[in-house]
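Structures given as structure tokens follow.
Next come two complexes built around chain A: one with chain B, the other with chain C.
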Partner chain A sequence: MKLGAVTRGVFTAFLALVVGAIVLELTGRDAVEVYRLLVEQSLLSPGALADTLLNATPLIFTGVATAIAFRAGVFNVGVEGSMYLGAFAAAWVGFTMTEWPPGLLIPAAFLAAGVIGALWAVLPGVARAYYGVDEVVSTLLLNYVATSFTGYLVSYPFLAPGAANAMSPLIAPGARLTRIAPPSQLNLSFVIALAVAVAAAVLIYRTTAGFALRAAGSNPRFAQSAGIDVRATIVMAMVVSGFIGGLGGAGQILGVNYRFIQGFSPGYGFDGITVALLVRNDPLGAILGALFFGALRNGGATIQLFADIPIDLIHVLQAAIILFVTVEPRVTGWFARWRQRPTKLSGTPLPVRE
Partner chain B sequence: MGTWTQALLKNALDATAPILFAAMGGIFAHQAGLLNIGIEGMMLGGAFAGVIAAYYTGDIVLAVLAAGAAGAAMAAIFCLFVLGLRANVVVVGLAINTLAVGLTGYLLPTVFGVHGAFAPPGLRGLAPVRLWGIEAIPWLGPILSGHTILVYLAWVVVAATAFLLYRTVWGLRLRAVGQDLEAALAAGVHPVRLQVAALLISGFLGGLAGAQLSLGELTLFNKAMTGGRGFIALAAFYFGASRPWPTAGASLLFGLFQSLQFRLQPLGWPPQLLEMLPYVTVVATLVLVRVAEARRRARLARLVTVQGQRGPELGVGGAG
Partner chain C sequence: MLANALHPPKLAMKNVSKRFGAVQALCGVDLEVARGEIHALVGENGAGKTTLMRILCGLERADTGTVELDGRPVHIPDPEAAHRLGIGMVHQRFKLIPSLTVAENVILGSEPHRRGVLDRRAAYDQVIRLCEEHHLEVDPGARVGDLSIGLQQRVEILRLLYRKAQVLIFDEPTAVLTPQETEQLFEVLRALKEQGATIIYISHKLWEVLQISDRVTVLRRGVVQRALPTSEADAAVLTRLMVGQDVAPVTGEVSLPAPQGEPVLALHDVWATDDRGLPALRGVSLTVAAGEIVGVAGVEGNGQRELAEVLVGTRPLVRGSVTLLKREISRVPTWRRRLMGLGVIPEDRDREGVSLDFSLADNAIATRIRSHPFSRRGFLSRRAATMFCRRLIDEFNVVAPGPGTLARSLSGGNLQKFIAGRELSFRPTVLVAAHPTRGVDVGATRFLHERLLSLRNQGSGILLISGDLDEIFALSDRIAVIFRGSIAGVLNRHEATRDRVGALMLGRRGEDSVA
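Let's look at the complex of A and B:
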């Protein structure tokens, strides 16, 4: 049985919500009421909807960025790092090139963010492709380097004059993205995120490079013997992934915070992994996945205030989604086999990942 | 200056203990061929369970055991998905970490009615142990004495890990499973049973690491208290190539970095740059080692082809 990425994503999300309901009921809360509030507070008014889109915006960037790397078979968990460095680069352009007109300043800030984010991904990409260094470990650890390093930058050399906490100076007014639904902070970076998702879909499904990327991800040996440079493809996927991660950082700085603040991302990069897994690494699906988590975050923040339901419940849902997604091929495999003939599974050894 | 250095080193030993436990836990899993990224979450779960058990029972031994058990329970979930359902080991590790943050963050306010840190009145942590003979040693004594029992136990665990992995048949089989599954199977080893055992030990040690955080270093729980120490442990056992003593050395170094962070900050040193050090060191080492290996292999390959070309001329082919 083969279902579309979106259908499977919706089903997985539904299962996770069931797990969430069980947790809520076990701790004496009315799950139906909580979910009703969640929907109401995240979707059912123009203001709530705008805030959901606002919360979804960084997750579209990180979800698409992660999906592209995963598609190439590279387990890039370092989008968070690219995002932090990109965000700082965008902020730097914004508070340094204050004389530039907005028409030049904003594209320059995005470009700087993307390039820095991409450069950050080159090392783990090359190390994986040409020297076999496990990209999971390198990207995971480099995230901490990126957050600490940008934290250092805004605590010492680029600390805003007079600020006590680690933050950069404010960016020039000309670098700020237009807010499209005040009083919500929803801004143009949402539109840019949508455009990036569409561009990523075109890249993956409609270009030669995208074909190489998918081939390298699904069967590297076959791809290699078919004349695809798998190593270069892996590096390319990492670069594109880092570039988009950097853009996401720029979107937050130019659209929401107007300066680089240490710890501005509450784990957008990691949420992007869940988004990518949920939609089976489909860039357009990532928009929907990001909207789902954007709604949870937005509605969750409100019900934390009014119903005293800790927003951490979202993390439980996330964990459930990740687990359901990873066992799905196994479960559907069982289902398919059960329909064909009821044979007993043999105890073959598991594939070990080094 | 003497007291400053002494305080620094004493602090470094405290900071090393949770890294040691978690890194040894990581080693058991890694030697069995499984990368346990979930160690951070198992640590957090252990820290949480330790505080809750200490609060309800008042028995510190039970509390530490509960912390270990909580870590092992999370490792059991890990086993179920990775070994039972053959899910990707990295993804499951990420899920375990997310689950730990989510569950502790959710349960704290809903069940225990607290926001932020859980530090109920009357909560008693681990008492410092005074080593009578050692305390008397000039200069060194005050550094080595006066830690919680877990700080000393951490080093016992290193020795035990080294013994178990390299001096017992069980350890040999475990390493065989990690290095060459096919060969291990052919030798009649039951890999899954060994991997389950390794993971449960891994989780238990992760839980103890958490206990040292919530009952040793501090006597409270908050959901951000592991603060990436599980990943420092990961860095440590990668640095030590999953061998116990080199890994312990790396853990000690990283513990020293951590205590330096807090002690150099008042002197105007940026703590963030010290924070980066463990990660930068490990990534740089990983890359450099692999590049050197690739170079050596390339040189070897060149040598082999050169000899291969010369072989027939010299008439070696027939003798072969």
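Let's look at the complex of A and C:
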């Protein structure tokens, strides 16, 4: 089943690339050449590969966070907000508890980020589960609150001394995550992201809580009649989703930026939605989905410089992916029928086994 | 009556065979249906009825065989082709969009338009005309999601008529209907037949087949046993053809006298509303003792659904109390009730009995995920789930490839066996069984009845809600009749007769009922 999700994801990504190629050709560019450059600039040298993993890291966090909520049937589009608040919490721990040893400081920063991100998701979760408030609307709107509120925090109370732009002070050196492959900024948060994805997969597929989550998402009425507290499960899914979103924010601050900068996320939370959709909400699949987008972002940035291909190509691919995921049931239906076509048109039927 | 060269039958399927993996679903099947005929296709679960019809609708392709319409061979590679040929099917699971109106659902896929713009007015007019022509009363402006199952089925029929279907296939259409709705459906079928429609009626409710059809074709294990005029058939003949042996109908022999133990389930003055907020239960009081089966008889729609939901805990009480094993549970959540030993065979198997997108193994343990041996310290044991599911499949004769199969791919009857098996396997102290054998074939019904009786003999209390009086009489120690949300009367088994129960079901007092 999990393998199926990945295969379908690969198939969808392939279709999206075909659409991208058509768009490229229509705008008078050599699609093959552009894709060759993309691959070269994102995978074919150690430096490029490291940068791809770097770009994939936040998307693993947000992809997994989104996937967990979607699995429970909650359309949480507020991972971005959890990420902003988590990032600020991690930064605050990093520039405030400067005396703590790294072994305490880093876990504390991640924990603070996760908890704040989770708390942020409680409100829309409870509102949805117990009062029927549409979570798409509430989480989407709360994103603005989260980005603006953290922006305010680093513009006034926590503005770095002497800084002109809205950013917090630098975090203590002990709070910074080890860089794995200099000169790339790739750092330990990539490994943490992988661990989070694995933990999420275990949660979903191997635990009773994960079972409840999947049951609530796949058929809430049955889940309730089977004895699962669907409302509590929805809140739990939101909390876990927000927690992981918060961790993603911490990863960016402690691993890349070393301080909270207003607008540090170019929309990781939203890219996470595409990642989750692409891999049908499978946490391990989200790693691959994030790598795919990480490669696009990384390679895309380079070819924008060299080949004058606007990075908007990535948005075309994202849109195509969402489209294909939406229409997929129909497409796989055709495919199944094509595979089922009769191979033998004549012959005597076999006797029935008694 | 039989077709000849000058008057070919409306539909002829010849020598149709189909294999699924190791299973030969159909083997050289012939089917002939005349114009304006209601042709019943009967057989047990897995006999191949649905597969044959799916081939006719272009949803499956046959390995061998041909289809002829009006004597001309036709090729049906996909559902679109079936539509063009005027073949349409009313499925067991309706294929409607709940948020759209009746008219919108009817026209969906072939909308009337003026220069590419949907002509809403024409759509409504056409649907209204269609309703009138065929005496199918339904409000074209109503939202489909708000309609009863019976009315939704009408919308499905309208959809087919709108697309000019001449061959209409009904796949166990009464499985989801109340008795009144069934009667109304029969009227509709007769009217359609008068107007020259050709109808194929899949069912295993023999009395229905005998009542409505002109001819019957009996399938068993993918082979046609016989095709005969209904006038030459009776229930015994059909049963023998279906199961391949003489089966005594399930008779009302309760094997042990009721031990009359302690009450394990008690309702006192229970009031509850239905989905629309109208009172559905009005002061129901009822007890079930250990080692007793209490049958709840009644015309469907008199509060049975709400009664079951109140007991499961998915519908709140307005007033009154429910006591399970001496504990007041009206505010106790479902999961705790289940831990206390409550089992439930729900009425709506697709929506409440399983998750269609889950594997059978997952569905098998869904009601017990927090119990040994299915989980330990919050972690699930896949092995335990798989083993338990295998046992369930074997013991209850569920036709399914294995525990990894998605519930969606099972036929309705097999799903019912699976759900009933799951609930029975946990040996609940109290079982609420709503229509436990609905859609299940004769052999499996008998098996499930035996299991229900043996659960009772082991000391469990069972509340049996059923629309099938035969079932109620076959199993119940006491029979409670529900009418308009209250218990019209409770009869002991020996004093219950069909007349008395029937009178109570219609809201008349038992005494003056002999009619």
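Keep this in mind: the second predicted complex is superposed on the first by the 329 of 354 C-alpha atoms of A that agree within 3 Å, B and C clash if a C-alpha of one lies under 4 Å from a C-alpha of the other, contacts with A are read in each partner's own complex, and residues count from 1 in each chain.
Keep this in mind: a residue touches a chain if its C-beta (ideal position, glycine included) is under 8 Å from a C-beta of that chain, and two chains touch if they have at least 3 such contacts.
Note that the coordinates shown come from a computational prediction; the quantities given were computed from them, not determined experimentally.
S.K.: A:Phe14 contacts which: chain B (first), chain C (second), both, neither?
M.R.: A:Phe14 sits against neither chain B nor chain C.
S.K.: With both complexes superposed on chain A, which partner does A:Ala226 reach: first (chain B), second (chain C), both or neither?
M.R.: In the superposed model, A:Ala226 contacts chain C only, not chain B.
S.K.: On chain A, which partner's contacts cover more residues, chain B's or chain C's?
M.R.: Touching more of chain A: B.
S.K.: Could you say whether A:Ala215 touches chain B, chain C, both of them, or neither, answering first, second, both or neither?
M.R.: In the superposed model, A:Ala215 contacts chain C only, not chain B.
S.K.: Name the residues of chain A shared by its contacts with chain B and its contacts with chain C.
M.R.: Correct list for chain A: 347, 349-353.
S.K.: Touching chain C in the complex: which residues of chain A?
M.R.: Listed in rising order, the residues are 1, 206-212, 214-215, 218-219, 221-229, 337, 340-342, 344-353.
S.K.: Under the touch definition given earlier, write down the residues of chain C that touch chain A in their complex.
M.R.: 15, 17, 19, 24, 26-28, 60-64, 78, 221-223, 312, 314, 333-339, 344, 346, 351-359, 362, 366-367, 369-370, 375, 378-380, 382
S.K.: Please name which positions on chain A make contact with chain B in the complex.
M.R.: On the chain A side, the touching residues are 23, 27-29, 75, 77, 123, 127, 130-134, 136-138, 140-142, 144-145, 148-149, 151-152, 155-156, 270, 273-274, 277, 308-319, 322-323, 325-327, 330-331, 347, 349-354.
S.K.: Using the touch rule from the top, collect the residues of chain B that touch chain A in their complex.
M.R.: 33-35, 37, 81-83, 85-92, 94-96, 98-99, 101-111, 178, 181-182, 185, 191-192, 223, 228, 231, 234-235, 238, 270, 272-273, 275-276, 279-280, 282-283, 286-287, 290-291, 293-294
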